[in-house]
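Below you'll find a set of structures to go through.
Look for subunit A in each of the two complexes below; its partner is subunit B in the first and subunit C in the second.
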Partner chain A sequence: MTRERMVDARLHLLSRQVLDADGEPVRAVDDLELVGPGGQPARAGAEVRVGAILVGPVLFVRLFGGAVPVSRQPRIAWEDVGHVGTAIELTVPSDRLDADWVEHWLRDHVVGRVPGGRHDPEADG
Partner chain B sequence: MNVGDLLDAQVLGPDGTTLGVVVDVRFALEVVDEPDDDARERDREDPETPLSAHLGRDAVGGARLVGLLVSPHSGGSFLGYERTELRSPWPIAQLVRRRHRGTFLAGWSDVAEVRTDGSPVIVRLVAGFERGSPAL
Partner chain C sequence: MKKVLGVALGVLTAIGGFVDIGDLVTNAVVGSRFGLSLVWVVALGVVGICLFASMAGRVAAVSGRATFEIIRERLGPKAAGANLVASFAINLLTLTAEIGGIALALHLVSSVEPRLWIPVAALAVWLVLWRVKFQVMENVAGLMGLLLVGFGVALFLLGPDWGELMRQAVPPSPPSTEHAAAYWYYAVALFGAAMTPYEVFFFSSGAVEERWTAKDLTMNRANVLIGFPLGGLLSVAIAACAAVVLLPAGIEVSSLSQIVLPVAQAGGVLLLALVIVGIVAATFGAALETALSSGYSLAQYLGWSWGKFRRPARAARFHVTMVVAILLGVGILMTSVDPIAVTEMSVVFSAVALPLTYVPILVVANDPQYMGRHVNGRVVNALGTVYLVIVVVAAVAAIPLMIATGAGS
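Now for the complex of A and B:
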């Protein structure tokens, strides 16, 4: 029989740092998406699970109000979560995640064009 | 539906009376791989190892929604004091316990309806719902 551990969203999950498989910080948990069985929309009273960690551009929403459309929120599938402790650790490297697409786009299109921008300081040892 | 929709939602009883607000959402994390005591002991003996390389760590599976923590007096989450046996520092613990007195766990199966179209979000409980203990 598998054991279960009780966690509370605000106490243990929200705003926690998300680390990828290499221990690199990815994002912080902004919200959790709830889904029903088979990926159906969550219904009151029926079985509901966490489907994904949402890591959205919440700063603008907090400053100016409103809400980011769900389709526009970058997400990390809950299946990729390996350990929940002081941080939430994933079993996949961050390059495989869509959540960092803004950073990857800036790296390829802006930072990479700056002279010296493709230099990897960690490769120098 | 997101957890953010449920947090701070207004909770109504079956007859429409206000019971409080949702201060937290509880999940049961499936533990699929549990470390043995030897692995935990090895971690303790080797404090130089980074936390991410520790052996004594469990692996988690799915997270099932268990219920909603409903506080009748205060909308804020209060540091987990209302859910544990922690008693110190004494003045803060007393203050938090007072503000969260009457907090209960409403099981998700006792939730009849969640209306996310308005503000605040409304959670209505079924008739004969049970007030569970908020302790973790």
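Now for the complex of A and C:
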């Protein structure tokens, strides 16, 4: 994926924009989840890797402290990441990501229902 | 030929779009109290905004990343979050002032109370954001804003003593009746009005909206380097009109009708009508820009999808943010607060927030990972560093000066 390039978590991953397979913005990387071998919880002294990109409420935890229940934590699996550049590009469309549920909810229940909400502004008029 | 027309259009909209309610009010107030003795601040501010707007435009065109994405990435969530809160609040204050400005201008021509115009103005702003294509929105508002040239016409019709105006400007000589602290307070306010951070958010996000690439850099440079200084000249014309008519009469500007008084005196009803249309267009255009900027900054910090080039449903959170911002602005105005006072506040707080926006742009414009061979040259970096110092000084001085002078009174 990175071909011998060193990836610095703080410099190249955290707070980077995440784009889906169509190049649409999803979220910014709010935090990273580390896991041990075989998906075990990360343990001190053992090998760990990035398991997932965390978004949403975890940002407030990073800013103000506290904790988010693991079941309520929106995550994007690291397996879905295709490329790490000035943005992090996913190999899946955002419609398939639970992490983007607020956008989907607002689209389906609010913005999409207002007349003109699905109008393409680049088409004439 | 098409390219020349494109550049000309860009330049013209940059001129018409340069002046907003902050520039209008601050320049008129300053002109009526200090004559042209603060013109050097307008010049300083115009060079600064040219420098950083073209830098932000270049970063956006080359890397595809808009300003607040970069602020978050470079400063991290904490510092960028604090920046977001401050920028968003100031942006909201500016949006409020612009919507109030539209209402005041419409009040001048209709004698319908401004408070009745506020919801109409806000609804019109939202409809344009919801429906109109980005380029059309930019061009119409910018071209109609050019009618503010009426201030320049008025200045010539007034037939002022040009020698006297020059004497006020170089070397800067404020009237002896004014306190030095008030002079410097308005210097900071004028600087904040010229360099308002929302212009940079808007400019860089606009570059992404219009899908600029490295090929468009010449156009970017022409728009900024020709358009903004000419827009700055409009600001000076506003101040000069006030200096010629209001300063000798001892009128201190506290309403929009006083700002346009010199125009009415010089050019009669026709010129006044044209200038008021120009003011409506300029404040309307700036209301669109500030509303968009509130959406841009929040969406870019959190990484949401944003932009007018998307269907509203594909940038749902972005559109909801703008609606909420407009409603908050209307709510503030409905308390019957004076929009002119809101404007004066917003430009001073803009000055406070300047370093938060301009430092990260300068840093990223030097990062080859983003910029490739389009990183800053030496001259730009030297100028940028000088401006950072000025910006920091203005930011630090703003609040103490505000307290010391009782907000300039």
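Keep this in mind: the second predicted complex is superposed on the first by the 104 of 125 C-alpha atoms of A that agree within 3 Å, B and C clash if a C-alpha of one lies under 4 Å from a C-alpha of the other, contacts with A are read in each partner's own complex, and residues count from 1 in each chain.
One rule holds for everything that comes next: a contact is a pair of C-beta atoms (placed from the backbone, for glycine too) under 8 Å apart; a residue touches a chain by one contact, two chains touch by 3 or more.
No experiment lies behind these values; they were computed from the predicted model shown.
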{"item": "Subunit B versus subunit C as contact partner of A:42, first or second or both or neither", "value": "first"}
{"item": "Which of subunit B and subunit C A:14 touches, first, second, both or neither", "value": "both"}
{"item": "First (subunit B), second (subunit C), both or neither touched by A:65", "value": "neither"}
{"item": "Touched partner set for A:27, first subunit B, second subunit C, both or neither", "value": "second"}
{"item": "Subunit B and subunit C contact sites that coincide on subunit A, given as residue numbers", "value": "14, 30, 86"}
{"item": "Contact set on subunit A toward subunit B in their complex", "value": "2-11, 13-14, 19, 23, 30-34, 41-42, 44-45, 47-50, 54, 70, 78, 81-86, 89"}
{"item": "Parts of subunit A lying in touch with subunit C, wherever the complex brings them together", "value": "14-18, 24-30, 55, 59, 62-63, 86-87, 102-103, 106-107, 110-112, 114, 116-122, 124-125"}
{"item": "Complex contacts: residues of subunit B adjacent to subunit A", "value": "1-4, 7, 23-32, 34, 50-52, 57-66, 69, 77, 80, 83, 108-114, 123, 126, 136"}
{"item": "Touch list for subunit C against partner subunit A, complex", "value": "63-65, 69, 72-73, 76-78, 80-81, 130-134, 299, 301-306, 308-314, 316-317, 319-320, 369-370"}
